[in-house]
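Notes follow once the structure below has been shown.
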Amino acid sequence: MQQKIHFECDYTEGAHPKILKRFMETNMEQTVGYGEDPYCQKAAELIRGLCKKGEAAVHFLVGGTQANLTVISALLRPHQAAVCVETGHINVHETGAIEAVGHKVISVSGKNGKLTAEDVERVYRLHWEDATHEHMPQPKLVYISNPTEIGTIYTKAELEALRAVCDRCGLYLFLDGARLGYGLAAEDNDLDLESIAANCDVFYIGGTKMGALFGEAVVICNPELQEDFRYLIKQKGGMLAKGRLLGIQFLELLQDGLYFDLGEHAVKLAQKLREGLLNAGYKMQDSTTNQQFVIVSDEELKKIEEKYCVSYIERIGEDQNVIRICTSWATTEENVEQFLRDAEQIKKAL
Amino acid sequence: MQQKIHFECDYTEGAHPKILKRFMETNMEQTVGYGEDPYCQKAAELIRGLCKKGEAAVHFLVGGTQANLTVISALLRPHQAAVCVETGHINVHETGAIEAVGHKVISVSGKNGKLTAEDVERVYRLHWEDATHEHMPQPKLVYISNPTEIGTIYTKAELEALRAVCDRCGLYLFLDGARLGYGLAAEDNDLDLESIAANCDVFYIGGTKMGALFGEAVVICNPELQEDFRYLIKQKGGMLAKGRLLGIQFLELLQDGLYFDLGEHAVKLAQKLREGLLNAGYKMQDSTTNQQFVIVSDEELKKIEEKYCVSYIERIGEDQNVIRICTSWATTEENVEQFLRDAEQIKKAL
Amino acid sequence: MQQKIHFECDYTEGAHPKILKRFMETNMEQTVGYGEDPYCQKAAELIRGLCKKGEAAVHFLVGGTQANLTVISALLRPHQAAVCVETGHINVHETGAIEAVGHKVISVSGKNGKLTAEDVERVYRLHWEDATHEHMPQPKLVYISNPTEIGTIYTKAELEALRAVCDRCGLYLFLDGARLGYGLAAEDNDLDLESIAANCDVFYIGGTKMGALFGEAVVICNPELQEDFRYLIKQKGGMLAKGRLLGIQFLELLQDGLYFDLGEHAVKLAQKLREGLLNAGYKMQDSTTNQQFVIVSDEELKKIEEKYCVSYIERIGEDQNVIRICTSWATTEENVEQFLRDAEQIKKAL
Amino acid sequence: MQQKIHFECDYTEGAHPKILKRFMETNMEQTVGYGEDPYCQKAAELIRGLCKKGEAAVHFLVGGTQANLTVISALLRPHQAAVCVETGHINVHETGAIEAVGHKVISVSGKNGKLTAEDVERVYRLHWEDATHEHMPQPKLVYISNPTEIGTIYTKAELEALRAVCDRCGLYLFLDGARLGYGLAAEDNDLDLESIAANCDVFYIGGTKMGALFGEAVVICNPELQEDFRYLIKQKGGMLAKGRLLGIQFLELLQDGLYFDLGEHAVKLAQKLREGLLNAGYKMQDSTTNQQFVIVSDEELKKIEEKYCVSYIERIGEDQNVIRICTSWATTEENVEQFLRDAEQIKKAL
């Protein structure tokens, strides 16, 4: 049986070869464990520099759900809640990890997968203007993903507006950057690590989907939220014994800009896919990043799935479906072109 | 300053005099604690009889939030979730009590404050048909309130439909009966304790809002869900040392039908209020129970609040508001008539 | 069958008659719910005055386990732990309520049921001097009971020493006063509400075991720990709808010193029991409060249990047992004398 | 500055070269994520075969704390507790991870770091014979580590005795095998994967300390405990996106016996260390595995630490200390010999 080509997500391959090479070179070195080794220290220092945030605390975790639940557990008191859009990862795809550490996720519909400052203000007012607010979870943390779960990105103005409303309302702003590099590479992006660090209390730079074997670099910009974070990492099962593996990976990704190059590679191919599919007559949701959402009929889907793995998102209308295709740091131009040729043929044939 | 008349809820007075009298009579008796006394045993037996459910386990808890969180914590594994309507008490008015014991509350819009069998089926399918269902909380328990938080009631047919879908899908059905007596007294009601017990895995008979000082009688109909429930009560802080206070109250309420009489009293007065207000020209949401939801202008609200306490629910449209007024076992005909006279005058004056 | 006389605990009767009388008098008054009524406000003010602690926040909860879990949940971050003696109520008799809200209870053996300042210092050092302290729960709160679970009491000097070590180590001091009135009435007691409030961050005045139907008055002396406490009460299921029942009870108990009189009554009878039993030849553990721990042989125990309910504590040696007998606000001199006569006879007969 | 030689733990290096080599070879393959790839499937099948347990479910997690909290959370209801020895990893070195998922850890002193069947029986009886057992956490799971945290191992007879008591008492037996390979290589060991699987409900084969970069293979032998385990992994943040990394590592370790060879290598060097140190006049705790506990004076410790990293365990007596030195799959004979030469000299010099 022929192997299908995977476009369903951005973590189907291993790691960028530079990372494995570095693992080989450092393999027999002895270091202390649990993220207190020189590699993690250097990587943290590097990230503080890139963020121009000397007082930031940087911690390396293995995965995104772990990062989300550890950060939120560290920041909130038991009666406090996180606010996010309905499609937010913590709201739909983490098996209730946030609730399992005790906190309600208050979801709002948002716009294009994004939370607006008005959404936040509304949730805040709804809570505090109610005479019985003590009977409701208290909104305290704003969770956003950039890029979002549907491939859109926040502008600098939008992020600043969220910061402003958080300041007015005494809320924390937490940005899930599991796919951050793909957002930064979008042609309509005007954010960078510095502006993100300037506006968020906490955010993370995703490695798993960006060429690392695994790893998310959590940056706690707000010094008031840094205390005892390592206890939380350990308690939640996120403290990697051979922590240096995380430091080494982020050093490789960030010290010479590899992270940003990989982001650009994926986004360039995603846009090639996008244009090709639009030209072929497919309808698509807006996205300038590496996730592309295509509307296909049942018939088209069946044909596509003969050769490709894609993510099924949802059914719309009578016989139409939304599917997601992703490029990544590892996607080849060749596979993209083949997909486009096949998609074009499928469209024509029907 | 003149005392305002309270219509904002159904727990502004103490207890039905019979209960206090019985407390006096039994006060110096010595009994064992924690709900293992003869009064609790008799009350439990009485309830099993009324429900025609000999194998049911009956436990007495102090309040509704406590009952909800204890039951749900006892029934679900960590990855499982409760399904309820958006207006459901556990979803909006318990400060995240369910999330605090680790479970997500999956809310759906419902219809007239009620969950339909179709809603449940849809949530179930959405979960299990998703290839990555392990990344989402697993719906396992259906939570409904009867009467609902907006005063509507379930019909027997609706309850049976919910039971049927729960059976098909392997879900538990849990009915919050904090105001059960007011639902059973509604003129369009066709449920009784027996049919409720026949269809629910767990439900409770609310005392706090029905003439008791406090207390909810939790009935676990499904024998498979009864094991070790007393541990949960103790752990969650709900095990009353002088547990007999609960047994005594439910005996007084249920042994001669007082509970049902009190329900009828309140509902009769609520319908009198309803008709009077409609006649006076007010618009009202549908409700055949003791909670009535009236639409009033800002001006009208201001006038009403000069003499009465009411619950503010929400703003609708430009200058209209929904308020809630409740009758209870303790409401006097006199207060109802006075309210109606004032409301009529306010309407006329504008 | 003849009713046995209960000495097994201090909550076998109802409430002091003054309380029931006041319930009757106020029964049909209408008040707002959830502890925001005038009775609770007056009772809180009264307690602040008795404690000479104008800035204290006072909250009324229904029971002791509820008070313990709510306070500890409100004060600690997820990685922090409570320190207490092995016999501490939270360590052994609350079905893991503290663990269920996420916190480890670090137990030390203590001395006479009491935690010493040295114990606390040792636990603190053991934690912070360990290079891998992040791998262990962080001690942050010291939990003591006064009187202790074995009837002993803290002296003012001991309490001040605990305060001092807590100050040095940045720990909170929390005193469980479920039986506080019986401690204050001990002849060797030199504490009062004022000195307790001056030394503790949080403590509570127990009502359930001291003549109330139920109720514990939580006093949060440290203003930094007061924020949002009502959310926690609601979330943990401890917010009584008819909250005034708690305010009324504490007013009755505290406004004319009834609370202290009841304590003295019980302790006087306990000491009478103690002396009588010692004279009759029984061995007893030291206790100057209302709980008395008697050592009895199997044979003696069997005889005693024919007419009395007592608490079985533990087996010691070959055929000896420790039992607990309690007096309370409701114990009669007559019952005490009868018990002594019987105990004397039993001893003689063997 | 000269690099110190690390003996403080068994995870100071990376992975066995075969693993990295295999990562390189498979790096650009595309597979599905989250542990559902062919490598994980093959590794699971291999483990089922080695355990002669065809019905076992095998899941791959990243680390030990994660494995412990996920398993225990999956197996216990909220009021149930784990029983372990005082030195047990879940009791002292996981920052309260088990309590953070809601469960008390009941610790007993044990013998040589091991839990005996008598210990378990005693805890069980203590609970169930108490009239108020509902006021205490219910013991339900027995947690043991093999080798233990102090280097000792269970015999087959001991494990079978634990199984028998668990069967009698309705308890689950869970074995933490973080260092399993070092236990199996001990000269006095009579266990193997088959006998472990035959006696435990759940256990895991540790990879992190045995030559993997990371990874623990959880084997759920008892089919009744297998349901929905993947939900728990996801919720607790333990589901690795590129799950195949775990499958690949366990395939390399287990398919040709490498795992057992590495265990033997470490244990052989540990015994060499042990004999050398004993000959040099050091006192040592009993251990036949890769962790060796040496008693050293303050002076000796200072000298040793000039060139070596060791784990400080505790102070004993006036000026004596217990330190831990570990060998591992990666330890060189050369380093062991150098350490022995230095230790001998230090002893002589004093």
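By letter and in written order, the chains are A, B, C and D; residue numbering begins at 1 in each of them.
Following the convention adopted for this analysis, a contact is a pair of C-beta atoms (placed from the backbone, for glycine too) under 8 Å apart; a residue touches a chain by one contact, two chains touch by 3 or more.
All figures in this text were calculated on a predicted structure; none of them were measured in a lab.
Q: What's the farthest chain from chain D if centres are computed as the mean of the Cα atoms?
A: B
Q: Name the chain pair with more contacting C-beta pairs, choosing from B-C and A-B.
A: B-C
Q: For chain B versus chain C, what separation do you get between their C-alpha means, in angstrom?
A: Comparing mean C-alpha positions, chain C is 33 Å from chain B.
Q: Suppose each chain is reduced to the average of its Cα coordinates; what separation in Å results between chain A and chain C?
A: The computed centroid separation for chain A versus chain C comes out at 50 Å.
Q: Roughly how far is chain A from chain B, going centre to centre by Cα mean, in whole Å?
A: Centres of chain A and chain B (C-alpha means) sit 42 Å apart.
Q: Could you list the positions in chain A whose residues touch two or more of the other chains?
A: 78-79, 94-96, 100-102, 132, 134-135, 137, 231, 234-235
Q: Would you tell me which residues of chain D are touching chain A in their complex?
A: On the chain D side, the touching residues are 3, 5-6, 8-9, 11-15, 17, 20, 23-24, 26-33, 62-67, 69-70, 94-97, 100-101, 208-209, 213-214, 231, 234-242, 245, 309, 330.
Q: Could you please specify the touching residues of chain A with respect to chain B in the complex?
A: So the residues of chain A in touch with chain B come to 78-79, 81, 92-96, 99-100, 102-105, 131-132, 134-137, 312.
Q: Under the definition above, what is the set of chain C residues touching chain A in their complex?
A: Touching chain A: residues 34, 73-74, 77-79, 101-102, 132, 134-135, 138, 228, 230-232, 234-235 of chain C.
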